[in-house]
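Structures incoming, each one as structure tokens.
First subunit A sits with subunit B, and in the next complex the same chain sits with subunit C.
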Partner chain A sequence: MLARLDDVTKLYGRNEGLRDFTIAFPKGEVVGVLGLNGSGKSTMLKLLAGLLFPTSGRVTVFDGPPRTNRARIGYLGENDALYAWMMPKDAERFMAGLYDDFDSIRYRELLDVLEVPRRKTKAMSKGERGRLRLAMAMARDVKLYLLDEPLAGIDLLSREKILTSLVREWHTDETIFLSTHEVAEAESLFDRVLFLRQGRLALDANAEALRAEGKSVVATFREVLS
Partner chain B sequence: MTNRDDWLIDMDAGPIFVQIAETVRRFLARGDLAAGEKLPSARELAQRLSVNPNTVIHAYSELESQGVIETKRGLGTFIREDAPVETMQRDLLKSAAMHYAKEAERLGVSATEAIAVLQEVLDAGKT
Partner chain C sequence: MKAFTTLLWLEYRRSWVWGTALIGSLAFWAWGLNQVNVRDIGEQLGIRAGLLGIAAALGGLVLCFMIGRIRSETRQGQYQILLLTPPAGYVHVAARYVFALAVAVLYFVGIGGLAWWIVAQTGLSLDAGTVAQLVLVCPFYGIGGILIPLLSWTLLLMIFVSAYRISGSGWIPGTVMILGSPLVIRWYSDWLIHISYTLPGWRLFEGVRTLIASTSWGAEVDTSGVTALVVPQEPLWGMLLLALVMLVIAGRIWQEVEG
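After this line comes the complex of A and B, so read on.
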């Protein structure tokens, strides 16, 4: 198994982030993490990234706690936080300094594929910054990518570019977790979909198996979460 | 080979791998693909259709087991020279005929009448 959560509960003060989560992930899947706002998607990804600790239960990634394996996990957070003065080439130096596995050649290819303009991030549109951030995250050579809402709040063409580049970059031995509200646009990428509701796992399904029953992931989303 | 729009992948129309395999069979039956022709690699097609590469690999292995395509090591995936094109044409025609027959039944039209109308349409198309 690449990663697992065993009876994980995460509480924020009295508010629940995640409740009684037990699930395992083999390597080589594209996993869609789906749910309404506040359903626990970000909490789940942060737990896997080692950015949060469970209140109870255990999170395992690569046979150990995520914290000890942080160098082997690619994480793209939902905050659009980039230094305003940074150009894509500065971002490259920044990432290469932080991570030994950062692949500059792959990064430059991604900048081209994603059509990221070569200017300061403060002069970029939100969609352009989103594309730059994805290039930074996906240029790392790791086996686990956690992408929290990479499609949120950006324009249609940027979203399409991001989805296409994910298809392009993904290798069958890598696992990608992708949380998104753009279920219709992203569903054809998923091997597996998790539906979260109020911090609990409402459904864990194979996307093609859902469609074999005549229901798209979108239709299932409506049915399970409404 | 044929552009992306012809693939018509529909999330509400069953598994994507089935739709990809059906599209390849339809291309062959209609002559948009020919025996011996090379198919895009799974990765290329996945990118073009924006689907998971595993899904295309699944579709290709289905087509391979049906004797439609073959993988030549290091060269790629090809339509087999002996791909059962006539069977595929017949299957497609049959499924179109079934839609027609169903509609005739819903309309309460007799079989003789339905055949006569079909003949009329075929004749009209022969100009």
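After this line comes the complex of A and C, so read on.
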């Protein structure tokens, strides 16, 4: 297994992030992490990234604690936290200097595919910054990508570019976790879909099986979470 | 090493405006020193030395603000894109510290240079050894004994506070550290004073009295109080050790927070 959560509970004071969460993920899946606001999507991805410790239970990634394997995890957080002065070439220097697995050629290709302008991030739109962040994350050669809301607040055309590049860049030995509210646009990407509700796993479904039953992910989302 | 140089570059990109402004302010201080127009040599030197003291104190303050800019690094309690980067917290702290130290060295050697300049303006021609003591040894003693531990303390304080910001209680460690540090420093400095001169002191400015006597105004000045300065080694080593301990703790906290 690439990653697993065993009986994981994460509390924020009195608030529940996740509750009694047990699940395992093999290699080579695109996993959609879906749910309403506050359902625990970001908490789950942060636990897998090692950014949070579980209150109880155990999180394992690459057969060890996430923190010890952080160099092997590509994480794209929900916050837009790029430096205002940073240009794409600065981002390249930053990533290449800190991540041994960063592929500069792939990064430049991604910048072209995603049509990221070569200017400072403070002069970029939210969509352009989102595309730059995605290029930075996806240019790393890792087996596990955790993408937390990469489509949030981004215009339709940028979302299409991001999703297209995700399809293009995905390799069968890589696992991508994609949390998003843009279910309809992203559903064709998913091999597996997790529906989270109030910190609990409401449904763990195979996307292909859903489609075979004549159900779309969007319809299932409405059915399970409404 | 690649990670360290990258983080150093990042620090430069983040803080070059601060560093440039600080070093550029030496031109302002030079202008200010030049405006002092007092006939009495002793009084003139005193006023100018006072101005240099103010420049040094303000410089130290600016450097503390520069190295302590952790808050601008965080969003919602998390560090910016440094988040999850593989280098250890110690490397992050070291890069931030080395950049601030480099700026500090340039600035305080500049202050030493200005001190030499104001001395030279009195007609006192210093020999190379005394110039080196004034421009290099004094600034480095001050940096090592005061600034280095002060910067370490500031960095530790801000990282300590930031570590708890995610839970919204950063003010608690901040208050504890600010209130507790004077007590610790007092105890530590008392101990350093107690052990001072256990090792041989460093003798500075031994020939100044003779140099003053050789000037045109030397006969008018009472040089009986001008003696060689003997500075103890122990406070310097003690403060450097304290700074190192604080940096290690800061790196460890960063490691824990950023993971």
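The rule is simple: the second predicted complex is superposed on the first by the 226 of 226 C-alpha atoms of A that agree within 3 Å, B and C clash if a C-alpha of one lies under 4 Å from a C-alpha of the other, contacts with A are read in each partner's own complex, and residues count from 1 in each chain.
One rule holds for everything that comes next: contacts are C-beta pairs under 8 Å (C-beta built on N, C-alpha and C of every residue); 3 or more make two chains touch, one makes a residue touch a chain.
This one's a predicted model, so the numbers in the text were calculated from it and none came from an experiment.
Superimposing the complexes on subunit A yields a three-chain arrangement in which subunit B and subunit C fit side by side. Shared-chain residue A:184: touches subunit B; no touch with subunit C. By the touch criterion defined above, A:170 lies against subunit B but remains apart from subunit C after alignment on the C-alpha atoms of chain A. When the two complexes are overlaid on their common chain A, residue A:30 makes contact with subunit B while staying clear of subunit C.
Once chain A of one complex is fitted onto chain A of the other, the partner contacts of A:82 are limited to subunit C, with no touch recorded for subunit B. When both complexes are overlaid on chain A, the residue A:212 reaches subunit B alone and has no touch with subunit C. By the touch criterion stated above, A:70 is placed in contact with subunit C alone, subunit B being left untouched. After superposing the two complexes on chain A, the closest approach between C-alpha atoms of subunit B and subunit C comes to 28 Å. Subunit A has no residue lying at the interface with subunit B in one structure and with subunit C in the other.
Per the touch definition, subunit C reaches subunit A in the complex via residues 2-3, 5-7, 9-10, 13-14, 75-76, 78-81, 83-87, 259.
The touching residues of subunit B, counted against subunit A in their complex, run 9, 11-17, 43, 46-47, 49-55, 58. Those residues of subunit A lying in contact with subunit C across their complex are 49-51, 67, 70-71, 73, 75, 77, 79, 81-83, 85, 90, 93-94, 96-100, 136.
Subunit A meets subunit B in the complex at residues 30, 160, 163-164, 167-168, 170, 172, 184, 187-191, 208-209, 211-212, 214-219.
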